[in-house]
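Think of it as A, B, C and D in the order they're written, each chain with its own count starting at 1.
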């Protein structure tokens, strides 16, 4: 006899969306070698695997992926079709193990075996002198995978509208509304060579509302900091690399939907410097082409933009450090009265402003 | 009404004595399943944080992680953890129950010798391979049979007596007179339109209740049910590690279509999709239904044609409330009859109409408008699915309006607090209840308030009382 | 310490509340625990279903005419 | 329909070439530019699309894929684009917008798309500025002032939702106001006006042709999206201000087309002549964000706050970016703002269709790991079947559902293709394989790489930037 009673019909269902976690593991052998005494790669990997298991145990529908960002290539460690085939053959005896959740066990096996293959395929001579990691590639892979798993639904409303939401014939309803995040476990330093592609990945993540969390074990990169800052991710520089697991479980555990309940770990200063296009140098003052916005650390030779081939008018610069004769005109005219005020305010505040 | 049955399991668990929890947490699989299914996400984060901390952490510190706006979620998380006996609090410090901690760690890392994730059997020696589609068909058949029986008790396909008894004890059906076939109750009507997984849980909870009267050990049954959720579809599992009770349960679950067992191979069983998704969360349930339907479609040629067609979507609704259902499945027709006015029937088509009277009759039977809309949406014909809005918006709105029309009151079960000692006493308690989001109504003049739960308020009053006592002494 | 009573909070229009009060009175105050304000009351939990039933019966009696009209006009354009 | 299948299979071969010519792939577009086709000629009918195929499902999925691809096959040559843009968006708020031919109404739909436009505009043109102007009751209304913060524009547009459209529009008044707003903008940027025009008339106080002439004199380009029918004065306006090109005047056919045409204007326009805008080299600072323990005043708004950005040159604290340092006049900008537009500089090459013969190399999409359909047995041998395939590539969908990056040679699925070209702007393959495979060689990138490779020794390291001016501030 619920006919006269309205209450049962309006119970709000609070549900958390399932979430996808993509771990990008920087596997640069040099960096790990230098960390060996504190945190060997194997230990770190097992910590990360445990972290993945914890993520999976949050919800039945949660999913994970692991991508290795190696010195010269980025590959999927999980899901990895080759590793899956390989472990399927050899796993008959492991079948008897009833003491581990099947999903955990299979992920662990696949990650371990593809990791082995990756490391053994790396010839020592090919590493000579490289101290970088293909972070841009790994992030691109991660984002493409996230896009796939979280369905094109999100794509259509953030993009140009791919013409109607649901597409028949594509039965991916089970993962339609997933949230996703990327965790980068980073050990190596500068990425200035990949500036543009890393930046492109960051903006793609931003548009897809995918936070990029950075777990920095060693090294320092400006751009990963910017990545976590502009995607609302968490940036954390580990004080004690050996306690990786504890950091992972307590700081990086929250999925995007839970995150807005939590106070993020204290935000540090963010370095917003950019890399110049000409010498891949990280700069804080640069010269920018007004046609294409390429950044140069010094006016390009012959005053021709190397990116867009435009003859640039360097005269506007006058002497270095002069005011660009742009915007200024207008401001002076309109805000003359205000400017005086502003200037005096600036004057008074400058002494009190601490220099970072 | 999916949430209500899930809460059913929730409440059921919380009604268990602490000692039962101690025994439940002995099994890593159970610890994992309870963690996954029962806890709000914030509570899960607290657990993972504490999991590898050997020393207790001050409660205040944990609380300070949460934004002040999310006060309600925080309190909810903590109270859930306390009620499930996962955390212990001593002198303002929180730690995880050692048994839970040990076994949850084991679940994550693997190892130990508990066999709680099921012992797989290599089924390659089996003469006939049991494919996933076989399992899906089996599950669908069994479950359909139960639903069918509820709608049409005198039909040809009769479920096992055990199921019939369960349906009657659970109040889904009613034995009207002796010798007559039992009849479906209002609870049964609303049960039929529920999500598949919610239905299974509703049945299983009834089953658990019944176990007690059958002298079966409750924890063992629970262990077994929760273990089923962690098994893999299409994999055979051995019955060797099961206890006597659990083997008995296995036999019963076969009738519900939750597990599949071949007569020739009594030493092994196969979980069906109904089992493997038991411990999914709410969102998982939806997907289960979807993938279940898909599986049935995919298995089309194997399954009886009428059912395969019946599940894939057969209903067309026009903006003039006419309903055309391309089905000859009596169950589907019977369900349609719950909220439509049936018109004529053709060999493969039933015409019907949604009317104010038919909808209100359904609502009087305990079916909600949302259930009707969900059902129509899930079973919409592929032609309807091409539209951006699957159902015509006018029809959806009208169904809702018809529901609202009859609603004359809103009820909230809970507790009335009265006779507060002082104005301050009342205001303070009311404020606390409001922060928790459990205050339904208050009247400051008469110092009356109505809250949906008492535990936290009683706790709060006690704590406040103690503080005041201490303050007075000082 | 305040006193706690288990019950069900009922929110409805004043007109419906009047009917509920009448039902309660006729039954010798078997339903209502506390009359809160003009649109809310607290009733006994176990009696709620019964109360709803009674209310529906009353409502059906009062709106009989309209229902009949509807059911006769309803069949017009059927198939 | 199902019954007639067999009748049509025989004839489907004859119709194939015809349907192919109807598809507007890359070639179709180019052809269209030379000889514009009328709108009604482009309507696709079901019977043109080869739906008679026995397998309808595959045809449908192919069509879907084609739709996705069509949006992708755009020009990939890097063009000089004036990326610092100044744009005025003019909204028609006249009574003509109350029409309900676009649902829910022209007015509400336009406001919604205007918000989308603002967001997309700043996404694509991060350091540009725009203003919004409305036309109502015969006058022009200032809705939001020239500025670089998308949120202020969106908020201002959202506020309009509460009002009703009323009165007549005045094209001249609105254009004059736009001209006024653009008058002071610096010369290195573009000056543009985008008009959403629902009415078929304009109530002007004077001669609109004088206004149009002065727009030309001020180098302002106008684009118009009409909602009702073509209006002569709009066409004239667009033609004159765009050097004879009327392609930026369109009349929306339906909601989707409206949105499409409006958002087209967010792509930076091609600079037509070198002279049109002066190319400058700007000095910019990329300040870092700091968090302070105690609050201090910022130089830009004189407000107390605990965080902010320090000017890279003089260390003045400002609270918002982008801005101009109040002390030394250096343009301060977040490097992330600049970087947002770099995908225009290094556009990703279009990916190629993969024939069945080549498809055998891959079983999974390189980036998302989803499985590809296995090659059919017939294609495994080099049969005539396999040779026929390249002909099919003109239709822009790949027969094997694989797409290949021409540089790294990896295979991708169509979803990743769309994602990489529309959102990511990276090729996961090229990025992941590092130096082992040749990196992609768009013109700019090649040059940049040559430079950087040769740059190790060749050009001398640049002189360090001059020390900051001692005290650039003079209060006059």
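Operating definition for what follows: contacts are C-beta pairs under 8 Å (C-beta built on N, C-alpha and C of every residue); 3 or more make two chains touch, one makes a residue touch a chain.
Labels paired with UniProt names: A = General transcription and DNA repair factor IIH subunit TFB4; B = RNA polymerase II transcription factor B subunit 2; C = General transcription and DNA repair factor IIH subunit TFB5; D = General transcription and DNA repair factor IIH.
All figures in this text were calculated on a predicted structure; none of them were measured in a lab.
If each chain is reduced to the average of its C-alpha atoms, the one that sits nearest the average of all protein C-alpha atoms is A. By number of C-beta pairs in contact, A-B leads when A-B and B-C are compared. Averaged Cα coordinates give chain A a centre that lies 58 Å from the centre of chain C.
The mean-CA centres of chain C and chain D are about 60 angstrom from one another, to the nearest whole unit.
Look at where the CA atoms of chain A average out and do the same for chain B: the two points lie 37 Å apart.
Taking the mean of the C-alpha atoms as each chain's centre, chain B and chain C sit 30 Å apart.
Each of residues 364, 408-412 in chain B touches at least two other chains. Multi-chain contact residues of chain D (touching two or more other chains) are absent. In chain C, the residues that touch at least two other chains are 55-56, 59. Every residue of chain B that touches chain A in the complex is listed here, in rising order: 1-4, 28-29, 32, 35-36, 40-42, 44-45, 48-49, 51-53, 64-67, 70, 73-74, 106-120, 122, 186, 229-232, 235, 241, 277, 279-284, 287, 290-291, 294, 360, 363-364, 366, 368-370, 382, 385-386, 388, 403-404, 406-412. Of all the residues in chain A, the ones that touch chain D in their complex are 71-76, 79-81, 134, 136-138, 140-141, 143-145, 147-149, 152, 155, 158-163, 167-169, 194-197, 199-204, 207-208, 226, 229-230, 267-274, 277-280, 283-299, 301, 303, 305-314, 316-317, 319-324, 326-331, 333-334, 340, 342-350, 352-356. Those residues of chain C whose C-beta lies close enough to touch chain B in the complex are 1-13, 16, 33-34, 36-37, 40, 42, 45, 48, 55-56, 59, 67, 70-71, 74, 78-79. Residue ranges on chain A touching chain B, taken from their complex, read 1-9, 11, 13, 15-18, 50, 53-54, 57-61, 92, 95-105, 108, 164-166, 168, 171, 173-175, 177, 245-246, 249-250, 253-255, 257-258, 260-263.
Every residue of chain B that touches chain C in the complex is listed here, in rising order: 341, 343-344, 351, 353, 355-357, 364, 408-421, 425-426, 429, 440-441, 443, 448, 450, 454, 458, 461, 465.
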